[in-house]
């Protein structure tokens, strides 16, 4: 079928490519004309303005927005005067699901359908397919099924879950209509929250392995340093490359993130090119806010988020205060 | 080659089966004669006493212990008078690596090699192969290579890590000599610590999804309940079976533990047969102790361990104290 | 000066008493006539309706609301038609500061001042005085100074902070104009967040002391129980009453909450009357939401909040999932 | 009575002074002759060698060690040949209680009593008195009662706990015989664990207040930054000096640590002289190890300890790994 794509960054461009490969027609637009040209060279239909973009789409139109979360509202505002009843607008980026609720209501008044799609797969999606979590009205989601089917990984590469009967669900194909408006981004939000926890679990464990050689190091013996009671227990020089590699095979903790961890360590086991200031792009925070509202304890995902904040220096003031207090009551001086 | 196996529980028996299928000869012993008989029926060589077991093994002997961690020392003490210089003893269970250091030293004085093997794979290992993390002296580990090769998953099922050159390492085959004595169980210990974190990440995220329908529920309006400000944000009835299924395909958080999560939810999405009292078998605690000694922050894995303790009622006293304090300063009564 | 008080619960009634003792005139109203009568008997001016209440107040009126957070908006809506430009409305309860911003703006349009006051002191405030954190316009706060001065503890009981020069601040007297609208409840919100952390710190530490006798207990020896390696290290039967008492004198951790902990343990060291289901009344959640927005890591206060959620059974589903997963990969059965 | 003191650092010297002021006789020794001389000038009896020190003490001797935990074993080894049956040795430093168990057993074989004393009070103890938690044999502890009574704060400054009957306990005077050997340092260890949690609670809360002005700051709008949805909620410039001061009076969170926090902020509200690398001196780690052995969940105190580790750069590797993973799956570049 025909799909219009706005936003041809890393994600949007590759999704267009996957759709073209799947036999769909794609009309594309981006602020940067070069991004449009690149895809036109690969058989997409280009456009140099929103007006032209909309005009080239057959009615009722299907338009996919793949733009930064902060720009979605403006994109919709720009598009809206050009759209008509029956059109469907898809937000495939990382919007906060609460914004979906607001947008769906506003657009429904103009009889325009709004579909929110959480898309996982990153830079690997072109090849592996995209896992999609979808929210919105049934008819609109149904109409887009050919698009989702092509973008998704399909069921071939992953063995079926034992005991799962033929369900009629599209979940086995890698996309799922999760519920009404916002449901797609809600599930994607939680997906990313889980991702934070998984990543931190590997990172912490590998740090314990990396420091397993402290028994070889000279120990400071001042009053501000806890002596290591059993240095003979910490004399291992572990090869993190080989360890992450072996865990990929048959272990309980094998995963795609472990595959990527192994790949990152192959590139450089010291990770010297990274500073360790870890960004967070919002979903972890929103997951935590949902957990707070629901009174669901979430110690692991919260710890992962807090650690990211601290990695960016956001704990500096509180740490200074701890040092100041230790000096106040005990006369302790900070170690240099 | 020939291997003696002591301990024919879930793990030991299946490992014997995989070895037999791989063309090895296995002499087996267990406290329960029926366990021995079952494997004899599958072509293992049985024995009805430790003495007979040892006698049936060709020198230098290779003996694998697959018994509970708490029984390893006794098993070694029972075996020791029957062994000779050159024999190798393998502890394939979940021993604390500090015990390995002690045992290796004691056995070395009798010129008996001690090899510690952390074995991951659980009840699925017979079919998928076992991921093995190995510690001990080079020659002994080298001699056992045919055994490890057969038990391990091999490299066929897992695609190679991009950029990893042919390394001569056995990691690609699913087993790895990680370092000197204790190294195998150290790496397995951290592996299980990571496992705790991964499991908790999925569990927390799915709980947030499960409670995403609280906006439908009647809200209490007493002074001890925080009002939900936006019930309209929490009106989703998510199907956890389908969501875990869709995440298995193409998403960043796909993993073997996710496969098992999906399978568990297929059996019963309410998990009604479980009480939620989660055991811990030691490795998480030991990982935390290593992290403390190394001064490595481990907030996520610690949170996962603390949550398990709390699941077993171990937080009850401190919670009572919190209620008592709230009553003291604010006259707050506990909600029933 | 004259003050009108609406809401004569534990907090409101005692504040009126403290004001009367300080020589102020109080006009009082409550939904329950008995609450009004009780204070009339102590020389307050009673009223049997909001209209009568407002009428008895001299213009420009000063009205203090001491009602549950969930009722403030309704109370304001009921009062508003009776008020006039120049009146001041004080919300002394535990409102979310974001609501203050909205209310202040709405009331300012009618030239009515809105002052938000976070009040700490609980059931002890009548005797010890109330610590007040105040937000709102300067002139309105200034006009209420005599009220705040009487309600506050004053500077007599607490020694001055070394090095603090005479500041002109009222902080030494126990009340503080913290900033514009919302500032009072913002500071009170964080105050309560800290309170959660302090309470949990004592509760956790005392639990470690309470369980310091596990070396005396029979240890289970099944595969689902981590053996205690050194039972001889845990043979202490500590007297928590005496320990909390001794910490009250000269120790680094002495505090008012410790005083209350000691008092609670004097009543009953087993705390048998409490179930350990710990409520949270919102401020901890809001503090966490502010920390998320600010990207400030808050691991301790978050852990305290998560623990409260879990105390109320909110972790049950995730714990069941952990048990289900352990059964999936390892065949582990839950301990009964 | 007479007491010998070895170790005249900040703590030891002030304890001698307090004892001298209380009418006791003190024989003192330190590696640094100047430290001895300074106290001789204040009427202590000096000694220039351990032999002279021991000789000047009347039998049975009472000797208090106030030396770094790492030096206690060596000090005892040096002293032992000079001691006789009936002497008592007190370790008043921050020893690990497990070492007490070992030492007490070894010394008991020579009929020398060993008493372990956890001492809280820091640089303020000379003036305020020292809170002492004591472990060891009854008779030895009893014999030292005059010393403890003088060192302790006494009951005058702290109001009695309501409902606490005259107990015969010395807890009201600020010292307590907590149990057999190791009990003193066990209780002190947990005391310090609690201290970590309390300190972190204040530090986190004050950080949230300090960052409450982020709504005034320019927001970055790149894809790696979560947009602040409501900057108008974060426009407070709080005065932390005044806020900590006001909390000291009548609030639920008043404490001695809050007094010190206020004092530290008076000195410099920016805390510019501190780098924020927070040491830990062992007790927090040991408390966590005890909690692990006891299976007591301790999320708050653990979070506080983890935060200290991270403040010293110990999370750098794991943070780099998170950045590396984000680059792997999403092509995310770290923000500079």
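Letters A, B, C and D name the chains as they come in the text, with residue numbers starting at 1 for each one.
Criterion: a residue touches a chain if its C-beta (ideal position, glycine included) is under 8 Å from a C-beta of that chain, and two chains touch if they have at least 3 such contacts.
According to UniProt, the chain labels map to these proteins: A, B, C, D = Decarboxylating 6-phosphogluconate dehydrogenase.
Bear in mind the structure is a predicted one, so any value in this text is a computation, not a measurement.
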Considering only chains that satisfy the touch condition with chain A, which of them also satisfy it with chain D?
B, C
Which chain has its C-alpha centroid farthest away from the centroid of chain D?
A
I'd like the Å distance between the centres of chain A and chain B, where a centre is the mean of that chain's Cα atoms.
29
Mean-CA-position distance for chain C and chain B (Å)
44
Between chain C and chain A, distance of the C-alpha-averaged centres to the nearest whole Å:
38
Multi-chain contacts in chain D, i.e. residues touching at least two other chains, fall at 122, 200, 202, 204, 206-207, 211, 226, 229, 252, 257, 263, 267, 280, 285, 293-299, 302-303, 306-307, 310, 314-315, 318, 329
Okay, in this complex, where on chain A does chain D touch?
10, 68-70, 96, 122-124, 199-200, 202-204, 206-207, 210-211, 221, 223-227, 229, 257, 260-261, 263-264, 267, 271, 274-282, 285, 299, 303, 307-308, 310-311, 314-332, 334-335
For the chain A and chain B complex, residues of the former touching the latter:
97-98, 101, 120-122, 125, 128-133, 152-155, 157-159, 161-164, 167, 169-176, 178-180, 182-183, 186-187, 190-198, 200-202, 204-209, 211-212, 214, 226, 228-230, 232-239, 241-243, 245-259, 262-263, 266-267, 287, 290-291, 293-304, 306-307
Residues of chain B defined as touching chain D within the complex
252, 280, 285, 288-289, 292-293, 295-299, 302-303, 305-307, 309-310, 312, 314-315, 318, 329
